[in-house]
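Chain lettering (A, B, C, D, E, F, G, H, I and J) follows the sequence in which the chains are written, and residue indices restart at 1 in each chain.
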Amino acid sequence: MLYHVQMDVRVPHDVDPARFEQLKADEKSRAQALQRDGTWRHLWRVTGRYANISIFDVPDHDALHAILSSLPLYPFMDIVVTPLARHPSAID
Amino acid sequence: MLYHVQMDVRVPHDVDPARFEQLKADEKSRAQALQRDGTWRHLWRVTGRYANISIFDVPDHDALHAILSSLPLYPFMDIVVTPLARHPSAID
Amino acid sequence: MLYHVQMDVRVPHDVDPARFEQLKADEKSRAQALQRDGTWRHLWRVTGRYANISIFDVPDHDALHAILSSLPLYPFMDIVVTPLARHPSAID
Amino acid sequence: MLYHVQMDVRVPHDVDPARFEQLKADEKSRAQALQRDGTWRHLWRVTGRYANISIFDVPDHDALHAILSSLPLYPFMDIVVTPLARHPSAID
Amino acid sequence: MLYHVQMDVRVPHDVDPARFEQLKADEKSRAQALQRDGTWRHLWRVTGRYANISIFDVPDHDALHAILSSLPLYPFMDIVVTPLARHPSAID
Amino acid sequence: MLYHVQMDVRVPHDVDPARFEQLKADEKSRAQALQRDGTWRHLWRVTGRYANISIFDVPDHDALHAILSSLPLYPFMDIVVTPLARHPSAID
Amino acid sequence: MLYHVQMDVRVPHDVDPARFEQLKADEKSRAQALQRDGTWRHLWRVTGRYANISIFDVPDHDALHAILSSLPLYPFMDIVVTPLARHPSAID
Amino acid sequence: MLYHVQMDVRVPHDVDPARFEQLKADEKSRAQALQRDGTWRHLWRVTGRYANISIFDVPDHDALHAILSSLPLYPFMDIVVTPLARHPSAID
Amino acid sequence: MLYHVQMDVRVPHDVDPARFEQLKADEKSRAQALQRDGTWRHLWRVTGRYANISIFDVPDHDALHAILSSLPLYPFMDIVVTPLARHPSAID
Amino acid sequence: MLYHVQMDVRVPHDVDPARFEQLKADEKSRAQALQRDGTWRHLWRVTGRYANISIFDVPDHDALHAILSSLPLYPFMDIVVTPLARHPSAID
């Protein structure tokens, strides 16, 4: 089942830089693993912002929440989830 | 180049039903043709709303505007365009 | 799977009253049938507004969209859908 | 009497982690006690957010405020309360 | 139990003037009757707007909704209800 | 002359607790004195929020500003003032 | 006592042009009379919009509401009133 | 002096098409004349919307308002004006 | 040329009080000097808020920006500028 | 290809002043280099705000994101990007 997820990252200006760099590296590993297993179907950068628009393919809401809430940068992200249904004009 | 496009359709309650059904049929044909030629890469329904979230792949802004502004339902749609850049963690 | 759905009804002041009364009666029948079969789990009135807050239990997004978009008052409603996950402190 | 309550938790990035974990544990105990006595009728997680949507059944506004304002995480929460009336199409 | 209610009246420019004047007269009668029986405790005009801020004293949410939704101008009003609790610094 | 005033208190999570408790005690004394002299006509808690809705009766704008800006918690409050006129349907 | 008033005029596209021109002429006469008697102290056009920002000097809220609600274009205006107090740095 | 102007055109669905086409043609002529004389310095289409972002170079606010309010589509446009100052890092 | 300027002051709760009092004193001196030379034509307090509404009379946008950005409290202010044109009904 | 970019700079009040001055100097150098090579086509100050409105001319979204995200003040900026298409009434 598909979900549209927008994540905006808010970096506090007085966060410890080394700790944050580590979180970013962990986030990248996690994002790539989830893309490889087909869960994180698309991952795009919103041009000009520290934000992404993503499409997730997961069995249900609980699975999506478990994934999002365990992302390393989750405490710094503002997330909006939109459930996507099949469009009657879609051909895929 | 990829663009994220959200389209919300506003149907005036006193629109002529036959005219509107014709516009919807035309819109569907056009959307499917654009999907087949690879321009309209993804088309999803926002669950519970007369709205879609789409991904377009076009050469430039002018090409996107030409497509969107010639959609049969364009006069009834509120459209927001977001340019998408490559995400550094994307694997595709 | 549970979804939180808020529906606000907008009645155009120049709608035909008889037609609208019929739609309301049809909506009521449909809502009660969906409650009886366990799909529309909760239905509450937002105090002071022509609006409801509801909980739906359906297999997936497509099932929810099919139900909502076929409600008799759908053309007059502004709907917001929020997917609900299990809360770690919930006891049910 | 029923109230719809949405609670969004804002965690300051420089809060003391041990203190916050203790508050979360206290909050969980309190939430479960209130569910067991029938006051906190429903408790759902908003998918992808550190937020919940809840239904409370209490005698009056004062009782609700006393409960919410004594929650351990209350100082970190943004709360919106909506009073719920019986819906004329509800069958329960 | 006290509720804070803000009502904004939206008058469509093409409404029938005679019908609207009758609704306003009916609304006034109803508002005064509810004030006399102690239900509509306060009724103030928002300066410069066709809107009021009111305090209602009713047994519960259902009673409030029954009153508001039967006001003659209800179809033309945008209403926001806020439940009021006792303030710990209030002396009355 | 009557004014509707909504005050939302924002407590920084790293404020000194002892200092803040003193400010709250001072605020309570001041609020009760102003109620006793008829200036602060009504004081209600917004259910579920650290906020109040109040009605002030003062000679003019300057008097209201002098009172509000000298409240002990003023530096922590977001205040919105609405001037109230007599409603043509009010009976008091 | 001074009030800051912003008025935005909304002209329905299907209003009768002759009727509207008459209302505009009446509005102008009324605005000029109120300026001459010192009530409407300042009247400025918001550049690029059918809107004005004004300063009124009236005895109280009721007087202001009586003036605004009797303006010929009142049914077509969205009005926001802000009470102005003396600024401690003002020299006049 | 430079002004940033965003114009959003709202076309009522029941406007007379011939009349509107004439207004659009008149608007185009006027826009091109103003560009040729250096007043309307830039004119861009907001991709996907019936809207433009423009830069005007005029002597003062009154000159800008006179131009905008006499545009043929003015009654159908929502306009926001932002005055632009020289940027200390600009090299032109 | 006239500009309408609204300034909202945001005081961080952990700012150094002595430094802030000095900035306020400097701001007052500057505001009074600008009023005396006719630049800062009006200065009013928004009742109940640490904010002002002002009218400036300056030759152009650059002059206004130079003045505002050199105000001692500028780093703590959220400022909105609205260019004011002559109103056709104004008599001054 | 043209993009409209608005950048609002948020300076935390407790940032190290020397570090921030260095970032501003670096930002200025970078902005001027990008203007000289034709990438940053226009750069204007929003009057009264620590913000700019800019026009960029770059090959694609990725190029724009690379530029914006490497600006020295990027961590302190809130950026909104709008893709600009050719306007049918533009003469250039």
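Criterion: contacts are C-beta pairs under 8 Å (C-beta built on N, C-alpha and C of every residue); 3 or more make two chains touch, one makes a residue touch a chain.
Not measured: the values here are computed from a predicted model.
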(message) Show me the overlap between the contact partners of chain E and those of chain H.
(response) G
(request) Could you tell me which of F-G, H-I or F-I has an interface matching C-E, in the sense that over half of the contact pairs are shared by residue number? (result) F-I
(message) I'd like to verify one number: the distance from the centre of chain A to the centre of chain E, where each centre is the average of its C-alpha atoms, in whole angstrom.
(response) 45
(request) Averaged over CA atoms, how far is the centre of chain G from the centre of chain I? Could you give it in whole Å? (result) 23
(request) Just give me the whole-number Å value for how far the CA centre of chain D lies from that of chain F. (result) 26
(message) For chain C, give me the residues that contact two or more of the other chains.
(response) 2-3, 14, 45, 47, 61, 64-65, 81, 83-86
(request) Any two chains that touch count here, so list every such pair. (result) A-B, A-C, A-D, A-J, B-C, B-H, B-J, C-D, C-E, D-E, D-F, E-F, E-G, F-G, F-I, G-H, G-I, H-I, H-J, I-J
(request) Provide the residue numbers of chain A that touch chain J in the complex, in ascending order. (result) 11, 13-14, 45, 47-50
(request) Report the residues of chain E in contact with chain C in the complex, numbered from low to high. (result) 3, 5, 12, 14-15, 61, 64-65, 68-69, 75-76, 79-81
(request) Write out the stretch or stretches of chain D touching chain E in their complex. (result) 1-3, 60-62, 64-65, 81, 83-86
(message) If we count contacts the way the header does, which residues on chain E are in touch with chain F in the complex?
(response) 2, 4, 27-28, 31-32, 35-36, 42-47, 52-53, 55, 82-92
